[in-house]
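Across the two complexes that follow, chain A remains constant while its partner is chain B and subsequently chain C.
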Partner chain A sequence: MGGRLKIALLLAPALVVIGILFAGGLVSAVVQSVGYMPAIGQTRVSLDAYREVLSGGDFLDSFLLTVYIAGVSTAVSTVLAVLAAMTLRRSSGRLSAVVFQLPITIPHLLAAVGIALVVSQTGLGARLAAALGLIGQPREFPALLYDRYSAGIILTYVWKEVPFVALVVLAALRGVAGELEDVARTLGANTWQRFWYVVFPVISPGIVAASLLVFAFTFGAFEVPYLLGRTYPTILPVMAYNEYKDVELSARPVAMAINVLISLFTAIFAALYLRLARDLGRG
Partner chain B sequence: MGKKRSNAGLLVVTVLVALPFVPLFLWAFAGEWRFPDLLPTEWSLRGVASVMEPGGRVLGATLNSLLIGMAVAVASVAAGTPAGMALGGYEWRFKGAVIFFVLLPILVPPLASTMGVHLTFIRLGLADTAFGVFLVHLVPTVPYTAIIMTSIFAERTGEAEEAARTLGANPWQTFVHVTLPEVVPGVAVAGLFAFLISWGQYVLTILIGGGNVVTLPMLLFSAASGNDPVITSSLAIVFALPAVLALVVALHFLRSSERDGGNGFVGLGKVS
Partner chain C sequence: MIYDSAKVEDPPKNMEELQEWTEENPGRFTYPAPPDFTGNAFIEQALYDLAGGPEAYQKPFDEAVFAENSPEVYEFVNGIEPNLWREGETYPESSAKLDELYQNGEVHLSMGYNPQLAQRQVDKGLFPESTRTYLLEGGTLSNTHYVAVPFNSPNKAGAQVVANFLQGPEAQIAKQGPEGWGDLTTLDVDRLPADARGALTETGGRAALPADVLQKNRVPEARSEWLLQLEDGWQEKVLKE
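Now for the complex of A and B:
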């Protein structure tokens, strides 16, 4: 009967938007990455752009930096989030909700600006260090911005993502994990045993799902590294953007090839995440 | 004992969360603040004046951001609510594949697709226009509203609708008088998040707007790359206002459904 039609009509507006602007844009990016741009008289299709991208050292440097920033940000955020959630689970739910929601709601750009004013060599941190007599000159404070370890970028991501992961963990802790833990305590399990054998198995799928999201996001995000990162190497999205902004139109296929590679990579994480989320839903 | 440790932990977390806002507020009202002074030695309203300047760039950019954000919120809710109804309220074949498709723009950065559509936008005269910027902002926001509404509709059983139909209401009356009032809080939260995502967009705006559509993030970005922390911080505070307001409103709405831990998905750190 009309059931199927109704579903189709309900879905239509969202699918049209995503289909044209997102999927269409991706297809167009793939087409341009193989050099097909009739608008500028290029109709020869080739994989030159991919060859150029993958054979150059720049891409590898950018790729490694991107994986490093996303990996360290995700790992640090996850560990701190679990610690924070374990510590805070008995505190007021409303208060911790407010404290955790704030960084989640604040735009990344704003977080980057605030963190920069804290960790720069004349920032709040350096001033505190000077007041404590640890440093005399600004340059004696460690360089945490535009530095080779991308400290400022990672700190910004950690500030933003810890609350997100922590809320996921808190939700799991306040559910079934708490009850199971009480049972384990009654049966004589110590703190470590309760965490490792009872609580952790319950919260770990949520932790994995949340960290996958954080990794996929930090892998493809643009603003924070663009603002707080070095000029070389840059993360992949910034590299794609710089190529795209190049006045030479011949750089376009290269920019698009990098984009396609970023998309492929994050799509793998998307698939992993959804698979996990579905298993979670079933369990 | 656990309670005490918990409260101490909350204090530490609160301080860490508040930390980046401290220099922002101090700088915004600072006249002179040299290293290594812990506090500004002179205060001034130069930052406030730069933000409030009548007919100035900041007011214009704020207006642009507001208008684009509100249009994006309305359009995202309009597209995302029915999609959420289909995904959350009914069972049908290929639902998993459609959910994957809807979630993809959240997980795969919209940078690639935006660069991809840029040529087409130029050909259609949409590049360098506020309408074009509005369109690309929909890429991250429509999936968000659809997913938020999916979780709202999934929690409903449909019993109230059935009762209304039994009592003789037609489908439209049922929707307006039974379904709609119950999903309004969810719609408000979804709209707020769509607004915030649009409000925080930098790279999509600069790609499609090409510098002709000046929004607040453009000004904040160029200020942050420059050397005047007073102006940067004043802009940053204006930029933070809607997020803080939205947080207050969202928490008010979410209070009723606090039991499910605030549904972490709503708050994915993608609001950037």
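Now for the complex of A and C:
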């Protein structure tokens, strides 16, 4: 009984912060999304905003784009991170620490601007390619920003998230995996068998947790697609922002409805993914 | 409007010339996507230019007039779209983004509400020295900044004192200066006592236009219902198609 109380007390400060800031924000978003805004005299509660959002084609376009960006960024980051961690785990701590920890300290906003400076059509990459004679003029450089495939956004996310996932994987690899692998080697397992039957099961919980965090983050993040994305379609958080800054205060419930839906989708994806990972673990 | 005189000899002064200019210089012009403030102003300017001047749009919104006039604007901007930056597949989302394209030399024209913008960016070394400002033939859109006191404000009297100060010549001169905000004053300079006029009639520099030229060519904004309709129409008929 005393143990439980101790746990509750230790968790309380963090829970209070999360509770007030996150739950409070979510509740007020839900309240505004159903049209309850006494400050402008709206007290009638309705689901009109949700109806408006879900009936428009824009929402579907944005939703698909958001899933595409979050999905591709997560998949590419995870694969690259596992490969990098496998390669780097035998190296001395210093190099891998520098290589992996540096991007983690850099904010997404800065990363987006940096990537833009390098890959834009007047950027460093374009000028270098032109100087080397690979392309005739800098403006012939492929359009990687504000483009159909969101290449600039995905590039930024991969650059930011590979180190994050890799650090988690590396931590797992440096634990018990090395010893288990040595045992497998003495029993005659080849490289692929050692990875698939010994190492992978050990690191998979870390991969699942880290990639889920990356997916949830990229699904709800605003700044990188806002800076590097096309005007239309945009991802859901940018769509919500555009509604939010509408000159008509009455567009506010629509913006909030989109925000609530983003939270809902993230929760659903997380639940499905965790269940999938659990089933895989059993199989 | 802002242009680089080293690259553009004779900048387009109305929408017809702009259309020809974009045909001759594909990819060298774009405008911020409405609902950006400056992007709205561009399509509003196009509306004035193509469909009969500012007068009609000072009246309350009229569905019939809008239905008759707005298609000309959308036809025009859709017509120039293939010759815009990135073939109009995407637009800069703000005037700051457009300025960035301009300073990188990706586009040769830019635009802004702020008459001191070009000079300020030249002074900072961001815009090329050869940058110049010019006006479209139909005049330049201008509007007024308002200050409001919220109905539930706890300090109404204090707010009124601040509002009075903001309207005085001293604050207005500071606001118009190129190192300050740079916007034109709302005061009628001729009705001010001579010693209070101060810097209100001065020119900002080579890249800017004289204040009296700007004052003389001001045209009022359309009423906001027109603008909202114009903006929604742009999203539907230009951006998504």
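We adopt the following convention: the second predicted complex is superposed on the first by the 243 of 283 C-alpha atoms of A that agree within 3 Å, B and C clash if a C-alpha of one lies under 4 Å from a C-alpha of the other, contacts with A are read in each partner's own complex, and residues count from 1 in each chain.
Methods note: a contact is a pair of C-beta atoms (placed from the backbone, for glycine too) under 8 Å apart; a residue touches a chain by one contact, two chains touch by 3 or more.
Just so you know, these numbers come straight off a predicted model, no measurement behind them.
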| item | value |
| --- | --- |
| Touched partner set for A:L5, first chain B, second chain C, both or neither | neither |
| Which of chain B and chain C A:T122 touches, first, second, both or neither | both |
| Partner contacting more residues of chain A (chain B vs chain C) | B |
| Which of chain B and chain C A:Y241 touches, first, second, both or neither | first |
| Contacts of A:L26 with chain B and chain C, given as first, second, both or neither | first |
| First, second, both or neither for A:L132, with chain B first and chain C second | neither |
| Partner chain in contact with A:V113 - chain B first, chain C second, else both or neither | first |
| On chain A, the residue positions that both chain B and chain C contact, one per complex | 122, 226 |
| Chain A-touching residues of chain B, taken from the complex the two chains share | 2-3, 5-7, 9-10, 13-14, 16-17, 19-24, 27, 35-38, 78-80, 82-83, 85-87, 90, 92, 96, 98-105, 107-117, 119-120, 123, 135-136, 138-139, 142-143, 146, 196, 199-200, 202-203, 207, 217, 220-221, 224-225, 229, 232-233, 236, 239-240, 243-244, 246-247, 250-251, 254-255, 258, 260-264, 267-272 |
| Partner chain B, residues of chain A touching it in the complex | 3-4, 6-7, 9-18, 21-30, 32, 37, 39, 84, 87-118, 122-124, 126-128, 130-131, 138, 159-161, 163-164, 167-168, 170-172, 174-175, 210, 213-214, 216-217, 219-223, 226-227, 237, 240-241, 244, 255-256, 259-260, 262-263, 266-267, 269-271, 273-274, 278 |
| For the chain C and chain A complex, residues of the former touching the latter | 27, 33, 35, 86, 89-91, 93, 104-106, 224, 228, 235, 239-240 |
| Residue ranges of chain A in contact with chain C within the complex | 58, 120-122, 139, 143, 146-148, 226, 230-232, 242, 245-248 |
